[in-house]
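Report on the following structure.
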Amino acid sequence: MNPEHLKSLLTKVQEGKVSVEKALKDLKSLPFEDIGCANIDHHRHLRQGAPETIFGAGKTVAQIRAIMEKMNEKKNNILVTRLEADKVPPLRKAFPKAKYQAQSRTLTLTSRAIPILGKGTILVVCAGTSDIPVAEEAIVTARMMGNEVDYLYDVGVAGIHRLMSRREKLYEAHVLIVVAGMEGALPSVVGGLVDRPVIAVPTSVGYGANFGGITALLAMLNSCASGIAVVNIDNGYGAGHIASLINRV
Amino acid sequence: MNPEHLKSLLTKVQEGKVSVEKALKDLKSLPFEDIGCANIDHHRHLRQGAPETIFGAGKTVAQIRAIMEKMNEKKNNILVTRLEADKVPPLRKAFPKAKYQAQSRTLTLTSRAIPILGKGTILVVCAGTSDIPVAEEAIVTARMMGNEVDYLYDVGVAGIHRLMSRREKLYEAHVLIVVAGMEGALPSVVGGLVDRPVIAVPTSVGYGANFGGITALLAMLNSCASGIAVVNIDNGYGAGHIASLINRV
Amino acid sequence: MNPEHLKSLLTKVQEGKVSVEKALKDLKSLPFEDIGCANIDHHRHLRQGAPETIFGAGKTVAQIRAIMEKMNEKKNNILVTRLEADKVPPLRKAFPKAKYQAQSRTLTLTSRAIPILGKGTILVVCAGTSDIPVAEEAIVTARMMGNEVDYLYDVGVAGIHRLMSRREKLYEAHVLIVVAGMEGALPSVVGGLVDRPVIAVPTSVGYGANFGGITALLAMLNSCASGIAVVNIDNGYGAGHIASLINRV
Amino acid sequence: MNPEHLKSLLTKVQEGKVSVEKALKDLKSLPFEDIGCANIDHHRHLRQGAPETIFGAGKTVAQIRAIMEKMNEKKNNILVTRLEADKVPPLRKAFPKAKYQAQSRTLTLTSRAIPILGKGTILVVCAGTSDIPVAEEAIVTARMMGNEVDYLYDVGVAGIHRLMSRREKLYEAHVLIVVAGMEGALPSVVGGLVDRPVIAVPTSVGYGANFGGITALLAMLNSCASGIAVVNIDNGYGAGHIASLINRV
Amino acid sequence: MNPEHLKSLLTKVQEGKVSVEKALKDLKSLPFEDIGCANIDHHRHLRQGAPETIFGAGKTVAQIRAIMEKMNEKKNNILVTRLEADKVPPLRKAFPKAKYQAQSRTLTLTSRAIPILGKGTILVVCAGTSDIPVAEEAIVTARMMGNEVDYLYDVGVAGIHRLMSRREKLYEAHVLIVVAGMEGALPSVVGGLVDRPVIAVPTSVGYGANFGGITALLAMLNSCASGIAVVNIDNGYGAGHIASLINRV
Amino acid sequence: MNPEHLKSLLTKVQEGKVSVEKALKDLKSLPFEDIGCANIDHHRHLRQGAPETIFGAGKTVAQIRAIMEKMNEKKNNILVTRLEADKVPPLRKAFPKAKYQAQSRTLTLTSRAIPILGKGTILVVCAGTSDIPVAEEAIVTARMMGNEVDYLYDVGVAGIHRLMSRREKLYEAHVLIVVAGMEGALPSVVGGLVDRPVIAVPTSVGYGANFGGITALLAMLNSCASGIAVVNIDNGYGAGHIASLINRV
Amino acid sequence: MNPEHLKSLLTKVQEGKVSVEKALKDLKSLPFEDIGCANIDHHRHLRQGAPETIFGAGKTVAQIRAIMEKMNEKKNNILVTRLEADKVPPLRKAFPKAKYQAQSRTLTLTSRAIPILGKGTILVVCAGTSDIPVAEEAIVTARMMGNEVDYLYDVGVAGIHRLMSRREKLYEAHVLIVVAGMEGALPSVVGGLVDRPVIAVPTSVGYGANFGGITALLAMLNSCASGIAVVNIDNGYGAGHIASLINRV
Amino acid sequence: MNPEHLKSLLTKVQEGKVSVEKALKDLKSLPFEDIGCANIDHHRHLRQGAPETIFGAGKTVAQIRAIMEKMNEKKNNILVTRLEADKVPPLRKAFPKAKYQAQSRTLTLTSRAIPILGKGTILVVCAGTSDIPVAEEAIVTARMMGNEVDYLYDVGVAGIHRLMSRREKLYEAHVLIVVAGMEGALPSVVGGLVDRPVIAVPTSVGYGANFGGITALLAMLNSCASGIAVVNIDNGYGAGHIASLINRV
């Protein structure tokens, strides 16, 4: 409800074109829909050029299905994240066009073609094989939000030549997402090589004094390279989302 | 040293235009300068359209001056961060054109005009009065990197109407930097209002179970809003830097 | 055993109306009942206008049943919290009038009508769908303690308009319980809008650097809004209890 | 801006009694005042029957004085917390009627008589001599907000008879604030004795594995007694504030 | 190998009664027995008047049985701690006289009568019903080490009268073991009532900000009462052991 | 107030030898003295054969002097701990017989001869030179409580022969206090050598990942030796106190 | 690609013996092989005289088999660590010569004889029976890297004579690996006895305030003995690897 | 006291060449010297080819001087670490030949020529200018222990070309010490480039979520490169010591 809209509404009230009751209602009504356990905010997702998103962890198949049905009425594209494989068959039965990406545990339902909104390529760089599921979640998210996405896997800093030999890919990207567990050093090296914004994603890969990703998280926050910002541990979705917003600035 | 450059160099060796020794040296020489205690990387800063930057904390006046003199030879712009006020007079004596911003504890020496490289406005939003020094560091950095910067202060979430009444400013920005201490909730609220990338900066403002900014840091990493990435506690410089890179994508 | 009671007792001893032995016993006997593994404090719960409460986690069906039987002899109302669903059928067989609320995992047995003791409405505000079980535990508790309870769900700060559009409900409540996981920012926003006491309940909803609710807990303790106090992570029962005491002050 | 107000405003616009411009301004103007580094929210404090409050830590005398002058224009009562003794003389020179309480490090300026708004007594219970400054901050705050306040000092649990012999005071209070450092056990004992809401305040008193109050904070959050909620470490002001709101419910 | 023994040995070498080789061997041989995966130290346990003890957690039935057989050859009494119930039947088959205490998860095999070595009673005080298994482990241990043991259960600080009414038991004990989870306040109250050494045992009972017993552990280490020392979380065995040593001083 | 006392009092009331008012007062009066900021519990200290103790840290000279004067009226022995050297001269002026032990920062005033109450020797074992101040605090405390005390310094585990060559001292002690910083391993080694109770005291000596004594504290709590209990970091007083109680069992 | 190699290559380009294209390719090609999900670095392992190693945790049998097949093509020796027993049969079917060590959960496939590269013996010292699996992983690794390995088990510091009686073994080793859980004190004692480098390995053995090995890790980092360095919790492989590199210096 | 020595001693006793008393004394006397507050272990340091070392932090000039004098009697070389500059003049007055290295805060007194005991070069690699003091402490230590030492400064991973261009130095070293603060990534990169043992030293350089070096420490412990072991934060001395032992294996 921006000022122009407000002024216009008030003018119509003044002119008698809109009743007080109608204006009162308009001023109160906001673009979300209450389905009991959730307030679905259709406009927001469209406004951001994003799919409507459901965080699948901890929700039952029935709950996810109910929310998807409501979203599907408007033919919005849908992205379900953190969806365990055993919940997929009943959802695919209800939405036969939905596709499941097993590695990233994402389900996508694409009812509208996704236009390319991003200005350049988003490159997802991944330190180790075990970090790939998080990287894939970022990739699926960025593609659903209208981006060209490329990737570079298993280029951790312990074998720095693997990264250095593919520097061209790094230089060509507009936005970079760097995913790493263990000591989380990769974003620092990548951030020192490129002039583009780097979104760092710590993963929970590791053991012992890794503390479920805290080590990687802290390392990324303390990076000696500039041009890096960090999202939560294992938050591939969040990285894909902000990278998409950056790619449209 | 990109592939084209490498190919060109090898071709010249083949053609006898460049000697093996010269090529060997070129392949080894890299664009930094060793002044004993530090390797100054002139090209990197220019390449990123950034000033040459010195992290002032823990350095003596003599060290800072030595590094500034080397940088100044190339007439590059210089930004010194975390510079205590008592170190300023001798540095200003050596560099009379340098300017000191007391609140952000930054010293700037602008030898070249700074072109506007950013596509839109970077807006710095700040929760409380005590968070202003960190916000100012972000502003100085973003300006030195060629951006239009605007700001909004003392709009913490405990008085949400203060923020809501200035929503237009939020909507107009291309990139947002949100600075907050204590419970660190402001980026979540701002992130829910805008469709632009938000860089969240936790500050060490608070007491007791605040733990020097950890509470705000954790809150920002766990934000329920999408489109947010986080930098280290009190890292105004880092936020200004990545926001500048984003504003040029 | 207040002073008047004591004085009266001593006077009766002086007058020979009560023997030394009887007085000695009275002075030692206290209003609890030892059933071996537990000392049941019947008076306390009645005194507070509260149901007798059993923390169900980690107790066997046999133990819970034994305690319930003892409580039921006095026809006190009973509330069992944190009761897993698989323990319900045998308990319902023993106490056919008992009701189980699956979401909050509470079992209630209401043998006496519950009078309304609270002066106004207790409003339970809940940030996300996943926080609802904790909110429901607070609601069941507050109702068992004689309060009118209302609620507002899925109004997290990332979509602040969802909260702002229901401000009237906030203004009408006498006491507010605000339940949130992830970054735990909702109590700060609510606390800034109302002039009533706010009991904040962090939940363990989240992942990564959420640390099982620590982030939300710390955020609530560091709230920049006044008028907020905090209970343990996921402690819906505790919030409902203190809110009920507040509502009778 | 409640619905009645909004409806009234819209009706006046409809009737031509209020111009569109005026309505637009009203809808945007909110009851705070921007003095550059701070947005002073005069109405909120009056609305809550609270003094206008300045968190003194980290502010210069000049800043505090500027804010006090603005507040004083409206003859609102003023409370400055966490004010170091060396900042007091210049402030007392500017505001000769201001009073400084050295133990609690609070400055109060009472321009309007404070009516008693609380329904009963607020009792502040304090475990050890070293916890008294925090207790005093709570007392000053509660008195400035219109409450009768009583207190009980040095009644820590290691000498439980000291507390038990003053039980009558505990029973008479309407709201209790319990302040304790070290192991933070006092709120649990007090909470078990009374039927009134208890606000627990952990202090940073202790050493070694006390961690600046974390031990007391955790102990209070995990209290086995019901009817307890907790504020931040050393937050006497916050405890006094919420206790005052509770005392008016 | 005390000095007298050493002197005697050397004298025998001097007198030719003991050969160099024999002396060399004696000087090296120490009173333990190597059975491959473990060095069993028979003498130590006898020396301390303690049973031979096996920490059962993480050992297979075969391993426990092998160690028990070796111990049983010398007819020493045996105590197995942290033994899951499913491992008991095969062990009882091998050692029909062994007894299993289900609550404390201990198995005892008493081949020699246990003389009373302790000077007085060890009293085990326990805050809540859920802490009983840890208390029972302490009781079994203290009994196996030759002590009279008494106990007091469910006397947590939230109902302080339950403890106060049994003060006589506290006064009569020579050594006290106080077991508590949640906020761990009970040892502070008990320590303030008695003049005897108190061994405090934190338990992992609790949830949320209890962190598996850390809260209780910290509270006990920070007790404002003197005369308290602390063992590891859930370490009933350790408490029983040191209490037994104390009871013989 | 034990049962016999109570019975006797009630009998006297019955017989008219004691009035109701007098009995009422007796039942309420408890053996402590309220001097405003502190409740001095004279009887407790005498009952425990302990000096009256003042924790000096954070108290002013005036406060300490006032408490000492009150204590001195009864000619009780006095121990002031954690007393900075600059506070000593004025206190010594007021109490010329008081003695200050600089290393342990304790002040003692011995008005009554201290009888030996302990059954054997308390041995204080200390890992490094920097741990001596904590060890000395334990020694002064144990001596003030009537014990023979011996000590063994600089016998840390990195030079195990230093400890092994003085094993006789270890074997002769009745109670052992083992003080260590850094990795805190000494109590485990000592605990494995003796059959007596060991009180372990972690110190804050160390740097880096020592965390002000947490490492030593954790190591002692996790000791693989039995017969060890732990007090707070740097708590020499607490160790001396409980060791004294143990030495009288 | 060392300088001599580079010079030789450039000289050949100059002489026309190598084409620009070939040189360009050589300069870019690096000694690893991309098999999709992993970049296998054959040369590195050979260069270090190490087997090719696969971290088995979290990989499927199919993934491990695919990587092994690629490695086996070059007849390199292979070491799989952290391999659960249920994955072994299918791998042994594919590689019948592979051997599984159940305790250390390692699989080894030795296609080439392993020459002894180490200068002396590596001794693995182990505190408790439960630490043996980690010790065994170190042993297998060190043997695969060409070392003579000896070991000493169950010599924890609580029975220091068990260690002291085998001092000769300690003195004879060239490099020592010391494995301990619980309080992690063993490396300090061993480090004080020998003049050789000690690699300390904390294990996750313990409970309560052990925090999954953090206590042992911190104790080892804070060792008062010199000559000790530490690897991650439970990282037997890492200890075996660096000990092997040390043994060849 | 090795077995051969012991056998020889016993034989002499048998032959009457050594008296029982003399043998008894020899068996008890151990090579350290008790000077009251410290047990100086002269032999150990000589045995390890190390200087006698004093940890200067927290010791007075008088204490350091007393220990140095005792050490100097045997003309052993002396190294004092963590010595603040203001303590140097009086020590240099007492020991005019002593030299102070201001950056590393070390004092060295070299009375005997230091033979080269190391087999190759120890290379100290340092991430940032602020890490140099820790690196210098390692260098001084390694030189005092008889090693050739080289170094490489300001080669942090954010400018990876600075490191890559000096790879030859890395390849030539026999042992590497890698010093880094902030995110602590440098050891991982170096460890991936060399086949030699790497000792990683985290420093406390950094701010915010660096936590005084914990981030760097954790990153190094979790390194994805093999061949790395870690010492305590800022422990340059410890790194120099173990690197020296390694260099002699």
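Think of it as A, B, C, D, E, F, G and H in the order they're written, each chain with its own count starting at 1.
Here, contacts are C-beta pairs under 8 Å (C-beta built on N, C-alpha and C of every residue); 3 or more make two chains touch, one makes a residue touch a chain.
These numbers come from a predicted model, not from an experiment.
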List every chain that touches both chain A and chain D.
-> B, C
Chains contacting each of chain A and chain B, listed by label | C, D, G, H
Could you put a whole-Å number on the gap between the CA centroids of chain E and chain H?
-> 41
Indicate the whole-number Å distance between the mean C-alpha point of chain D and the mean C-alpha point of chain H.
-> 54
Could you grab the centroid distance between chain D and chain E? Build each centroid from C-alpha atoms only and quote it in angstrom.
-> 49
Going by the touch rule set out above, which residues of chain G reach two or more other chains?
-> 3, 28, 159, 164, 208-210, 214, 217, 221-222, 226, 232
Pairs of chains that touch, anyone?
-> A-B, A-C, A-D, A-G, A-H, B-C, B-D, B-G, B-H, C-D, C-E, C-F, D-E, D-F, E-F, E-G, E-H, F-G, F-H, G-H
Touching residues (chain side chain B, partner chain C) in the complex = 127-128, 156-160, 164, 182-185, 188-189, 191-193, 206, 208-211, 214-216, 218-226
Once bound in the complex, which stretches of chain A touch chain G?
-> 129-130, 132, 153-155, 159, 161-162, 165, 205, 207-210
Mind listing the chain C positions that touch chain D in their complex?
-> 2-3, 47-48, 50, 53, 119-120, 167-168, 171, 174-175, 195-199, 217, 221-222, 226-232, 237-239, 241-242, 245-247, 249
Contacting residues of chain B [partner chain H, same complex] = 28-30, 32, 34, 37-39, 41, 44, 57-59, 63, 202, 204, 212-214, 217, 232-235
The chain G residues in contact with chain B across the complex are 3, 6-7, 10-11, 13-14, 16, 20, 23-24, 27-28
